[in-house]
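In the two assemblies presented below, subunit A is common to both, partnered first by subunit B and then by subunit C.
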Partner chain A sequence: MTFFAPFTLPFIIGAAVMAAVLVAKYTLWTIHLPAEDKRLIRRNMFSAKSLAAVWEVVRESLLHVRIWRVNPMLGYMHSSLALGWFLLIAIGWIETVAYLGWGWVPLQGHVFFKYFMPVNGIAEHKAGFEFAMDLMLTVVLSGVALAWIKRMRSRLMGMRRTTRHVAFDRIALSALWFVFPLRYVAESITCAIYGGGSFLTGTTGKLLGEHLDSATLDALSEPAWWLYSIALGVFFVAMPFSRYMHIFTEIPLIFLRRYKLAPSVEEKSYDNFEVEACSRCGICIDPCQLQADLGIDDVQSVYFLRDRRYNMLKLATANNCLMCGRCQTQCPVGINLNTLRLNSRAKLRNIPNEGRYGYLAGLDRSTGEGRTGYFAGCMTTLTPRTLAAMNAIFEAAGDDVWRADSDGGVCCGRPLMLSGETAAARKMIDYNTGLFRRHGITRLVTSCPICLKVFREQYDLDGIEVLHHSEYICRMIESGRLHVDRSDELYTYHDPCELGRGCDIYDEPRRAIEAVGRLAEPEHNRRNSLCCGASLANTVIDDKQQRRIAQRMAAELEATGAGTIVTACPLCHKSIERVADCGTMDLAEVVAKNILRDKR
Partner chain B sequence: MKRRVVIVGGGAAGMATALGLESRGVEPVIVERDTEMGGKVRNWHKLFPTFTPASEILDPLRRSIAERNIECRTGVAVETVASDGVTLAGGERMAADAVVMATGFTLFDARRKQEYGYGIYDNVVTSADLEQMMNSGRVRLADGSMPRRIAILHCVGSRDEKVCQSHCSKVCCITGVKQAIELKKMFPEADVFNFYMDIRMFGPGYEELYREAQQSYNIHFVRGRISEASPMINGRIQIKAEDTLTGRPLKMSIDMLVLMVGMRANDDNGLLAASASLDVAPNGFMQSRDPFTGAVRSPREGIFYAGAVTAPKSLADTLAEAALAADAVVDYLNRTQR
Partner chain C sequence: MRSIRFGYGISKPRAIDIDSNDLRKSNEILREMPELQTCIGCGSCTASCTAGNLTQFNFRRVHTLVRRGEYMGAYEEMNKCMLCGKCRLVCPRGINTRGLAMLIKRKLGDF
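Then we have the complex of A and B:
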């Protein structure tokens, strides 16, 4: 049997084009990986990491476990389409093998098996296969139905907003919507003529057989299979250029991530895997406060990645983001959205200016010493109550502290980093690193989470423990070096983005607050906490817009009934202070206020 | 029967309006939240641009109010206003034929600009604090010594979106010049710096005073806001600023920092406006009917404005507006004669 019919041509051509494009893309991306990334792949390829990756592929590419966690309806939609389609192919293949043995059967022979062998000689297992195939088709069709509903009424699927798509996406999406209904129609007509099929195609086939004469059925059969094949072919051709590229790309991405590849402050070939693994599901749209509070609807991660992928990214889009990371915690593919946005900014913006940093030489007038260096951060010097509180805490804890940024320190570099000025940031980083080393500190405490993040991620501070003041204070209290008085006062705590999602510090500030009073949690907290709106990362929105974001988030904090809003970031502090009716304090102030001096 | 007008607020605007009405045969009643009449001017030392003692303006006003037996209810706040009277805190209703709102303004709380250290470290004072110090006759640093270098910072809580005050408070520029001269007269050896964004010398004699400050008193003017002030070990204050004319950042250690705090809208403007369906401008001050012929009229018949309740104003402007308000009220009462 040749397994050839003219109607299979669209399918064959489509599949061949798709395969060629996929192979070309993945090969090019891999060839262009930096040497370090290639080394990582070679080192980790033959290790348990590959097995872990296989398991993750099953969980994420087939079952879509992470989407289930975010939104069960969307989870079902994705699983039914991915797993259902996969099983249709897998069971179809087993069926072919069962009937024809281990011989070579061309691809279209598997896909259009029903057409080529509507009636086969082997009766045993037939009902079982027919049932399994019908069941899977039903599952996939239910997924398609949900996809339709999501397009028409996204709210029914638990999404306030869904993605606006580009032309390739629309073509692929329309083709995909029709693939399975057309398959259902074609198989049902074949069942009507030859019999067979199970509860879905069999029953429909019987119905068709009762109402249409055999000549009509014969006339309908061929066109139906043609349409099914065309839908598949169109989808396959559009697929590598559309959002559906994610179907395959997530697989190499999972492997590479397991091999410890990650995006960095500069664009590199690995980024392609992340960018094209975005399914444009739009889950990142709803958590975005620019969307929710300001109605800005064309800058979210899904649109950023889309624009970057199609080379139409504008700096204004890349810059219009708070980088609060709320979307990243929800992304079902786990794309490093913030890092990708940063390196896009760097690419669009980074113009090193060597002459500008001559002043760094001869800047160091620092004196004094101490094993602990305290880098207040420039925002902390604008909130001197925090500074005074930290001085009181250091004194009460009996720590001798060298002030790292009062005489000779420069900016931590993070604001430059955030605006894409990577080379300039590197100057600050190198300068400060040298300064810290010269003073021989073993511990670096900062009151600013923005500084903390860059110290931890971009500085090479081996041998120096980097702490946020919340961690330091918590440790001093719990180790008995700082004695505090616990009152009945009710506080609420705002998780700063850079501290919480940025550095994964959620518990220490809470433990410190609970050491001096009671704590009430706002509606959105920890990983889901809202951004204060004043983020340095966004250079596009204006002051009024920042304030509107702050008002929304401060309202949630005030709704807790707490007398004081506590935060642990000087920028959040300023942002909340100007819109909140109740008092705003830094964590250090709250603790310093309650220090018991006589205990020491 | 004499027609009765309730005036909310017993500061310069309220008192001057009351006198204007009384002289035209209307019976004014002043309701003042404070226990004493006089408003903000009471705490002022001397007035720009003539260095006239504030008491020379305020005392005659208060004296006339007493001499003409104008009824003053002090120590009681007004909760709602309407064209036919007001409700006092506690529920008492005061009927009237018209109401004038002369509730003035609130001084910007300098603690909201934490970076200047007001209320956190010594020797950071506001322009209002300085007037009180001058009233008390003793301007000294916290340790009792005399300042050798003083910085005056303009626009604290004015034209500053970061603290939600985008309007200009109008009087601080000239107040800064006036206080700089007063400080220089007190401490001839001291260096006095004014840090400003713009110098807005709009009134008669203002520009001349500004020139005199530079030419006769050698007061320095630096264009650029101070970004932060921090305490130094020796008790002085270190300020960081940018001289935007030369484009250079500068650091300076000073003994005293004077913050020119702005005029902001009263917090209860919103509530009062809501009680009478009046409008509040985006900057929080009450909205006049129009800025030309309707400056002292509210959008509601029978409710009038006088003074800084509608916008930051100098004392001269406030007194002129009080006379205008009295005129407008009498005109209204004549039109609506029962």
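Then we have the complex of A and C:
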């Protein structure tokens, strides 16, 4: 049997185009990977990491476990389509093998098996196969139905907003919507003529057979299979240029990520894998406060990635993001959304200027040495009570501290970085690194999570332990160097984005607060905490908008009934302070207030 | 003793010469950031400025001159800014000064 019929041509051509484009894309991206990334691949390829990646592919590309966790309804939609389709193909393949043996059958033979072999000789397993295929088709059709509903009414799916699409998406989406209903129709007609099929296609086939005469059925059969093949072909051609590119791209992405590849502050070829692995599921839209509080609905990660992918990214879109990371914690594909946004900004804005910041040379006016260096951070100088509290704590703990930026400090560089001026930020980084080394510190404490993040990620501070003041204070209390009094006062704590999601520090501030009082948690906390709105990463929204975001989040903190809102970032402090009705304090202040002096 | 710089001083009287002051860029900047019109020239931005603490850079002076169409040297001056964002926190008019710093650089980059 040749397994050829003219109607299979659209499918064959579509599949060939898709395969060619996929191979071309992945090959080019891989060739253009920086040497360091290629080395990582070579080093890790033949290790347990690959096995772990295979397992993750099953979990995420087929079962979509992470989406299930965010939203079960959406999870069902994704896995019914992905797993259902995969099983249709897999069972279809086994079916062909069962009937025809291991001999080679062309692709269209598998896909249109029902057409080519409506009745076949072996009856024993037939009912089983027919049932399995019908079951899978039902599962996929239910997924398609949910996708329709999601498009019409995303609220039913537990999402407030759904994604808007570009032209290729529309083509692919429409084709995909029709693929399975058309398959259902075509198979049913074939069943009507030849019999067979199970509860779905078989029953429908019987119904059709009762109502239509065989001449009509014969006339309908060919066109139905043509339409099914065309829908498949159109989908395959549009697929590599549409959001559905994610179906395959997630697989190499999972492997590369296991091999420790990651995006960095400069754009690189690896980013393509992340950008095109976005399924535009839209899960990142709801957590975004720009959307929820301000109604801004064209800058969220899904739109940012889409614009970047199609080369239509505007600076205003790239800049309009708090980089709070709330979307990143929810993204089921685990895309490094913040880093990608950052390197897009760098690409659009980074203007290397060698002469810049020449004034930094010979600036260091500070004196002294000390085991511990304290870098308050620019913002902390605007919250002098925090500074005073830190002084009291250092004194009470009996630590010998050298102040790195009390007499005209240089910015840590993170704000420049957040604005995409990576080369300029380097100059701050080099200056401060030199400063820390010159004063021979072994420990660096900062009160600003923004500084902390850049110290940890971009500075080369081998041999210097970098701590946020919350970690430092917690350690001092727990090691018995700082004695505090525990009162009955009720506090609530706001997780600063850069400290929590940014540096993964959630427990130390809580332990420190619980050492001096009671703690009440707001509705959104830890990984889900809200942003205060004043983030340096956003240079687009204005004062009123910042205030509105702050009001919403402060209201949640006040709802805990706590008398004082505690935070651990001077910027959050400032922005909560101006909208909250109750008091706002830095963690250091709260602890300093309760120091027991006589115990020392 | 070093003299104390409050971030402002007494300026010589000056007039805007429309023939020599090309307001095109200034208008563009004001169109993108209309809130700059509400600046009261209080100088808080300059007083809190991290870069101003280390150099003669005076942000209020730069953005005021730019608004008047006097761009000479503004880009170079603006490049001293570290984008730390303190000025935005202290501005009593809630002007997005950090965004302004970036905007001025973007608009005057080719001057």
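Everything below uses one rule, namely that the second predicted complex is superposed on the first by the 597 of 600 C-alpha atoms of A that agree within 3 Å, B and C clash if a C-alpha of one lies under 4 Å from a C-alpha of the other, contacts with A are read in each partner's own complex, and residues count from 1 in each chain.
Keep in mind that, in the parts below, contacts are C-beta pairs under 8 Å (C-beta built on N, C-alpha and C of every residue); 3 or more make two chains touch, one makes a residue touch a chain.
These numbers come from a predicted model, not from an experiment.
For the composite obtained by overlaying on subunit A, subunit B and subunit C cannot both be accommodated without a clash. In the superposition on chain A, no contact is made by A:I31 with either subunit B or subunit C. Legend: residue contacts after superposition of the two complexes on their common chain; A:M428 is shown touching subunit C, with no touch to subunit B. Ranked by how many residues of subunit A each touches, subunit B and subunit C are led by C. Of the two partner chains, subunit B and subunit C are each touched by A:D543. Within the superposed three-chain model, A:E577 lies in touch with subunit B and out of touch with subunit C [touch as defined at top]. When the shared chain is aligned, subunit B comes close enough to touch A:R385, but subunit C does not.
Contacts of A:A361 after superposition on the shared chain: neither subunit B nor subunit C is touched.
Touch criterion met: A:V410 reaches subunit C, while subunit B stays clear of it.
Looking at the shared chain after the overlay, A:A215 reaches neither subunit B nor subunit C. Comparing the listed stretches 2-10, 20-28 or 74-82 of subunit C against subunit B after superposition, the clashing one is 2-10.
Overlap of the subunit B and subunit C interfaces on subunit A: residues 381-382, 543-544, 574. Across the complex, subunit B is touched by residues 381-385, 387-388, 543-544, 547, 574, 577-579 of subunit A.
By the touch criterion given at the top, residues 112, 114-115, 117, 120-121, 161-164, 227-228, 230-231 of subunit B touch subunit A in their complex.
Residues 35, 48, 50, 53-55, 79-80, 82-86, 89-90, 94-96, 98-99, 102, 106, 109 of subunit C touch subunit A in their complex. Those residues of subunit A that touch subunit C in the shared complex are 349, 351, 353, 356-357, 359-360, 363, 378-379, 381-382, 408-411, 413, 415-416, 419, 421, 428, 534, 536, 539-544, 571, 574.
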